[in-house]
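Presented below are the structures under discussion, each in the form of structure tokens.
Consider the two complexes below, in which chain A is the common component and chain B and chain C are the respective partners.
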Partner chain A sequence: MAKEAIYGERADVTHHESFLRHARLRWLKIAAVLNVAAIAAFWWVFVYSGTRLEHAGGTWLGYTLGTVGALIMLWLTMIGIRKRAMTSGNWSLKAWVSAHVYLGLSLVIIVTLHTGFQFGINIHTLAYLLMLLVIGSGIMGVIAYMYLPVRLSDVRGDLTKKQMIETIHALDRLILQAAQSLDHTQARVVQLSLDKTIIVGSLWQRLTNFYPGCGNRSAVNRVKRLRRRASGGSAEALDKVSGLLDRKQEILGTARRYARVRAMLEAWLYIHIPMTFALLAALTAHIVSVFFFF
Partner chain B sequence: MADSFKIAVLGSGPAGLSAAAHAAKRGLSHVLLEKADHPSDTIYRYQRGKYIMATPNQLVLRADFPFAASKREDLLKTWDDQLRSLGINIRYKSESKSIAGSKGDFTVTLTSGDTIHAEHLVLAIGTQSNPNLLRCPGANLPHVQYTLDDPGAYVDEQIFVIGAGDAGIENALGLVEDHAQNNIVTIVNRSADFARAKEANVKLMFAARDAGRIKLLVNSAPTLIEPGFITVETGEGSERLPCDRVIARLGSLPPRKFVESAGAKFTSDSPTAYPQLSPTFESTVPGLYIIGALAGYPLIKHCMNQGYDVVEYICGNTQLTPADEPILQKKFANLPGRRSVSDWLAFFRSNVEILHGLSPLQMREFMIDCEVHAFRAGEAIFQRNAIGSSLFGIAEGTVLVEIDPKRPSVTVPIEQSSIFGEVGLISGRRRGSTVRAGTDCILIEVDRISALKLMATVPEARNTVNRITIERQILQIFGSGLSPKDIAEVLASSELKEVKAGQTVVHEGDEGYDIFIVRTGSMTVEKNIGGKDIFLSYIPAGSYFGEMALIDGGRRTATVSAAIKSEVVRLDGNAFRRLLAQNDKLRVKLETDMASRRKINDFIEQQKKKFGGVVDMYSAVAEFLVSQGIGEATDVLLIDELLCIGCDNCERACADIHDGLSRLDREAGKTYAHLHVPTSCRHCEHPYCMTDCPPNAIHRGQDGEVFIDEKCIGCGNCMRYCPYGVIRMDSVPPKKPSLLMWLLFGSGPGPGEPDKEWRKEHADKGTPAPKVAVKCDMCSGLIGGPACVRACPTGAALRVSPESFLSVALLERGRD
Partner chain C sequence: MSFTILRVTQRAHGGDPIERTKHVEDDEASIGRGTDCDLQLPDLLIGLRHAVMRIAGPGRVSVEALGEHRFVFQGGIVRRAEFRVADGISLGFGTYILSFSPGQTADDVVVTVSQTVADALVSDTSLAKKAFSLSSVMFSLRTAAWTLGLAILLVALAAPIAYDYLVPPPEQPVRINPAEQWSPGPLSAGHTFLQKNCKACHVNAFRRIPDEACLSCHRNGLDAIAMTRLTERVMGLGSAFAPRPANDHADPNLLRRAQEAPIVAANPIISAFDGLFSHPTDRCTSCHTDHVGARGQRTADLGAPRPTPAQVSESDCANCHENLKAHIPDTALLDVKDWDHHPDFRPLIATLAEKGRPKRVSDAVSDGPFDTGLKFSHKQHLATGGDVARQAAQYGEPVAPSGRLSCSACHHPDNEGRGFLPIEMVRDCSSCHSLQIPGVNGQATSLPHGKPARVVETMVAYYKSGGAANTTGITRMRPGGAFQATTDILSDQMIARKVRAVFMDNTVGPHPCYGCHTFTADDPNTLVFKIVPVHLENRYLPRAGFDHSVPQHLVDANGKPLCLNCHKATSSDSLSNVVIPSITTCKACHGARNPVGKQIAASNCTECHGYHTTGEPPAREVYLGPWRFPGGM
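The block that comes next holds the complex of A and B.
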């Protein structure tokens, strides 16, 4: 258009892609090639040449698939360091995530072929199951990353987390002020909102958005009941408090819906990460036992 | 009654008082005429309690009258005492009506009808009797005033102070000093910088604004005053605001008629011109001397020294050198050719075009803030990419600009009397090319603030700088081997126009084929398609528009309006057509540019027919982005909230790559159609942050990034100027343990900005680290590019330049 950019060339990002479509699906293609090769080799060795499946892991192909699978797993765990080590090189976390997703998914095929479909109650099968668990939770993560950002954006609008908390605290101060003119019983009800309100709770509460003992909720209801019986100056004061409590309830709702989406975006990690460590342990046991006992 | 004296001094301000005091000390017969019933009326009218400063600091005071920075009341009292003890012959309530006669026999007629005879006259009447007036409709209403004696006299008022010179700022501060007065005061200033005011005043003003005591409207001017209301045109549009009082402090002009009636000539016809004076302050009328503000000196110290000097000159002391002589002598010491200070001053003034409009005396004062250099032929004056924002004037010789960094032998000469380095004035970018001395040369170097001040106060200088920069801009934008000679006609036809935000420059369907250059700011191009105004494109500063109608001869094909307050240069279409006819290369360039623009316009039009809703959305998002300041951005961080998972890895990466402080707030900022503009530097084309950086520590780097260097003194000016709130003041946190230590043993706060508690616990026990201004530097110098974008796991964070993003990219985003 007008004229080429005068300023830094690198600012010219005219096209941007998500991690799933990074570099025109580069890592999907690489993973696909890897899998096709693995399947072809498997077919060649076990179907065409007729090698017996019972000792699939012990064949040259078994060792190759196992080694490739293990190396990929180790590399996949490195993303935990990559995302935290902000070094200056020419890398992008998006590319890493893209590779993580597609290479991780390819393990389902590579490692399954490595097992030769031989399962049992042993450390080997445990390692395999743990791997599926890690991959399964990872798929949950991908789905969350695909569908939840837009909800996060819609829930918060232009509000930030800090603003939500600050607004609640500001309302608390106003509520306290407005409650000065209430009598003892009324004030105790309002106190519930100030003392017994948790903005967001445990992971479970955040995920379910279920806050049964919410102090503000009870205060809202009880003040409304008190208001019906009150009259004159007392009624006016209760109206004012009631309005403030309603506003607090509204912003609490926003904060909790926001926390819920955030929790859903993170929940899968509570399986993904611990299971990764368990997998690494089982994998070590699997490798050690294979080399020492066979 | 007729009295006769050796010296009659008109006006008892600092200059007049000092002159009379020295005359008294020397035992000369003298009279000091004062129109008021007290001495020094201008200072007397300063608001109560005003603190009067004694600048410039390096200048020594050699008057017989004492003067040190002090409160108005203390100063006036000291002067009253001195008046008596020195035996000064002062006549109050003696306003002069006319001056007649010549050296040896002047007659001053007073308004009372009395006459006074004197051999010599010293005119020290200042300029306050002739204030600049507001020109907008309603300026003559009774609630518009030009002075403020007692700020304590106004309560519960909404007051607008127009003009942010020292007087305006001091008035505004005085009006809000006492909270009990409950005044709401707004300062309205034409520009975003405060080059006219003293630094200390500007600081106080910002402090008051931050404390919420005054409001500040910059890039603004009143357009209408009505009873109870004022309409102010701001950078963002027009606003009608409630207003009880307008105090206009727009400076003052010399009382020209009176001075001219005495026979003295002025330096030019410009309304801001000062009387023509010799280095001994003698006007074109022998025996009539002019000193002080009327001679172009607003500062008390200067005025008082002049009072002393002028009496010495009258007494025939030809050996006396001005008080600033030693400072200037030292400055010129390294230049070749032994000249006297006054010869050097005359040399620079007559040889450098932008200095032509200065009087010899103004030149003296101006020179104190400047540097002078002598370079041998071939020596580099500055290197490409060097940091520097000063302006150079060539007093002797020529310089060569290396226009192609790869081939230093390709140069363009700049001749004697012209300027170079002016790009730094506009946006503080690094030097664009290396400049060498072509021959042995003598240069004057003016720092950015002094140059801006010069342009603000001397119209000739402003016009010259504008003419030269427009010429260079035309050559740069159109290239095509054009020479200054080729574009002489186009340049002569050019006109610099200020355009308000939202104002339309070219209307779709209008006739006309002038070409426009966007000098500052930016434009949006819209076209009416199917009854709706559809956003077509964005034109940044340094580009041109209007070529379609010029080449095709049709009507204007689209509407072009200013995205923000901008300046455009209009080039006459006929002159440009003649230029095109002579220059095939230029014609081809314009046609190529036009074809590529048309392609995009056609694409959008075509899309509109197919996917109407998408194009409407695109248009709306483009408007949203422009409203968020993208119109003045050069590079901006956007978050695609269709992808953002809120992990804040961008903020952590930012902190980890920059000493542990994040320069962006991801969540803050506005969002439209899931496109989020976070609180992060936009690297404005005209960075507000650079407006008043005392150590001149803010620059623009090679990639266009605006960055703050280690000279930062932590004053916070940049933070206050930034309208987007992207600069924070903070100290560098203590060093964290390595990532590995955190991963393995959990030591340290982990990735990202350490929290306050950790910082406090691990802070250096000695002196606390100083707070400095912290802002995005676009990760300048990192091979991989900005950390925020690289650290985003999903691809939500993207940095874009508006001209590339506000186009097809945005439209495609909508269609994905």
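The block that comes next holds the complex of A and C.
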């Protein structure tokens, strides 16, 4: 958003406005109005007029809430297509994400009212639970995108991803070189670092930053023990290797902290996306089944 | 004797491999990581001096590992190997592969050195960059999403549809029906046996449940054979009870005329969905819904369970009854908007007995007074401290504390809680109004009630026998008058006069029959009498199901049991005076609100009226025996 030039400031500088605060919370307001209307209508039909809650989805309000909810869900899934096309202005991707977040959250109320609080072991409740799972993971995603991108660059420091990997590989080459004069036992220990190093590991290792089986960690410790017993040229080589292994361990730490933040930024998607598809399928089954056995 | 060592290194970014050769002019060459080895392999898995290879004869080579070292030969890990060079043998040392082949001269052996894995340390960093993305260690999002989505579609949508179209409706209860996952909840107690038999009700896909599906079990008016067959069929499907037949609320034509528009069209959203999927003429499911569980339903020992209010959707009586006259001008019913505008009660009396079914059309008050055919005065019977009460007490009948005859002396609770058994003379009156006469030879005998001809016969026989000659001096029997025993033999004429007096005259002597009944005779001298038929109305409000057994219905404002609170019987000296209370009496509680604005008693239509049988409100108690009077009535 361009703003007027103040002396000494550039006129075209853009101020960052997050997708959550986009257009002065326009979509939060729209979602709030939608929800207040839904709650008021629900109160009027089911509390004030005393219509029973059983089969609330089949009342005129139930059909309305269900249709609105289903249309919102379909629109929300469109973000997968929309994000691959660039536009700007009111329908910029940021506006779209803002609407995605707030309309998505509003489903919690709209669809819960649609259920009439009638739950059971059936496809209908499955669809509802999947929706909650999608929304819950979406909330995790919003939180991740609020706090983590800053940490991502903090953690990485001056290094790029490529540099991290290249540094590790360069260190590997140096380690290999430095270890050539070592005897077989010592060489095998050093080989652990070259063969068994886990740079970023599995999802669990990334999230916990816990790498018990990492070859470099054991190589670091064991080379230090070997060094205490070694002497002469062997000791010199081990010193050199040990220093290189320590440097590698540092870089690995940075890479893993980075991978941890990356994992947290991405993990929610592994629930959000598959569950969205599951939800669409369950929603289809829900709608078809309701009218199949009308 | 010599070895030619040929090293082949692939270029990192493609292109011709780099080849370097080295000649070892000896019949023995060392292999190891050490820089002093003839064949140096810079792999930390390989010992500094790992092995030695020798020319073992013409075209033969032997390789022997040193110390604890090993190498790979023909798939096994060995210490030593000997082979023909011409066989193209390869040996594995760490990540390196040594391939042997004959050289250009007979003495020369070529050892080609290559590495099994493309040098791991020169791996593509662009690929490594991707390692930071979770996609490198996680399942593919796209595959997972499609797999999950398609699996759900298959299990939760395709399977039930296929089952519905391909499997015929079961004759026996089934174990698994894939469509059960569509069931929004358990069925009501009466329908539990259909839980897995979706097609029993959901006959057509994408169509509302037709009335025919309901009526296939609940049709009313079946003969005994048809009903037995139906019960057998339903029980064969697993039901524990025979189905409960349901009446039509009214003639379907009338129902259609009564509605301004079909109920479904009352709301545009509902009508849009219904228009897509249903036939608007189907009426059962416009009120009845199931899959709401059996909460509140009665247990099986009382027969097929009745629907609870939760199983009947909001049925809007006013939709038709608010403007019924406008749609059906000839209706006898009055328009009712709601309880506040409910017209006062119109006690109905059966005036036109059709074959088998009395037609209750006449308003007993405004069209009356009607002669019930019985001479009876509640006022007289209920007089406080009067002869009636005194005599009743003498005969062991209940008398109220106020000193009047108790209502329960004559009126006996029925088995439905609704009211009272129809009055029967012998049971309800004869303890005071005895039908006994001294009888022939003093053998006390009862006059057969309701049979004038036999009464005449019995009495004539008594008088002819000489009557009191053999009596024990009883001069008065209990029915309402002195019964003069006689010792004389009477003439036939005299007997006829006496008997006629019993039926027709209240001016002469005793008149036990005439006191209550009216008789007609074709001829003043005949002894053939006809009773004017008695029409006692047991339910004046047949379209409502007032329940006398409700404790609050039997007490006055102070909580004291009192029939006379509602029924002003003490001022009624004829049965033509209907003692049904007005609606104001009901409104004292029903619809009235307590100081905090809550209704003291409900005022919805179904409190008093049923739909299929208007006098059977759905919430009424189900009785298996007579209800009880509270004490002091």
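What we mean here is this: the second predicted complex is superposed on the first by the 274 of 294 C-alpha atoms of A that agree within 3 Å, B and C clash if a C-alpha of one lies under 4 Å from a C-alpha of the other, contacts with A are read in each partner's own complex, and residues count from 1 in each chain.
Note that contacts are C-beta pairs under 8 Å (C-beta built on N, C-alpha and C of every residue); 3 or more make two chains touch, one makes a residue touch a chain.
This structure is a prediction, so every number in the text was calculated from the model and none was measured.
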- Message: By the touch definition at the top of the document, which applies to A:H16: first (chain B), second (chain C), both, or neither?
- Response: first
- Query: For A:L25, is the partner it touches chain B (first), chain C (second), both, or none of the two (neither)?
  - Reply: neither
- Comparing the two partners chain B and chain C, which touches a greater set of residues in chain A: C
- For A:Y270, select first, second, both or neither according to whether it touches chain B, chain C, the two together, or no partner. second
- Mind working out whether A:T51 is in touch with chain B, chain C, both or neither, as first, second, both or neither? second
- Task: Go through the superposed model and pick first if A:L132 touches only chain B, second if only chain C, both, or neither.
- Result: neither
- Message: A:A285 in the overlay: touching chain B, chain C, both, or neither? Say first, second, both or neither.
- Response: second
- Counting only touches as set out at the top, which of chain B and chain C does A:V150 meet: first, second, both, neither? first
- Query: Which partner does A:K83 reach: the first (chain B), the second (chain C), both, or neither?
  - Reply: first
- Query: Now for A:L194: first (chain B), second (chain C), both, or neither, which partner does it touch?
  - Reply: second
- Please identify the positions on chain A that touch both chain B and chain C, taking each partner from its own complex. 161-162, 262
- Query: So in the complex, which bits of chain A are touching chain B?
  - Reply: 1-3, 5-19, 22, 81, 83-86, 88-94, 96-97, 144-145, 148-150, 152-153, 156-158, 160-162, 262, 265
- chain B to chain A touching residues, read off their complex: 477, 537-540, 542-545, 593, 596-597, 600, 634-635, 640-647, 649, 652-653, 656-657, 665, 667-671, 674, 676, 683, 702-705, 739, 743, 750-751, 778, 782-785, 787, 789-796, 798-801, 803-805, 807-809, 812-813
- Which positions of chain A touch chain C when the two form their complex? 50-52, 54-55, 58-60, 63-64, 118, 120, 122-124, 126, 161-162, 165-166, 169, 172-173, 176, 179-180, 182-184, 187-188, 190-191, 194, 199-203, 206, 255, 258-259, 262-263, 266-267, 269-270, 273-278, 280-282, 284-285, 288-294
- Message: If we count contacts the way the header does, which residues on chain C are in touch with chain A in the complex?
- Response: 33, 35, 42, 44-45, 47-48, 68-69, 120-123, 125-126, 128-129, 131-139, 141, 144-146, 148-153, 156-157, 160-161, 164, 179, 181-185, 198, 202, 205-209, 267-270, 273, 276-278, 289, 291-292, 309-310, 313-314
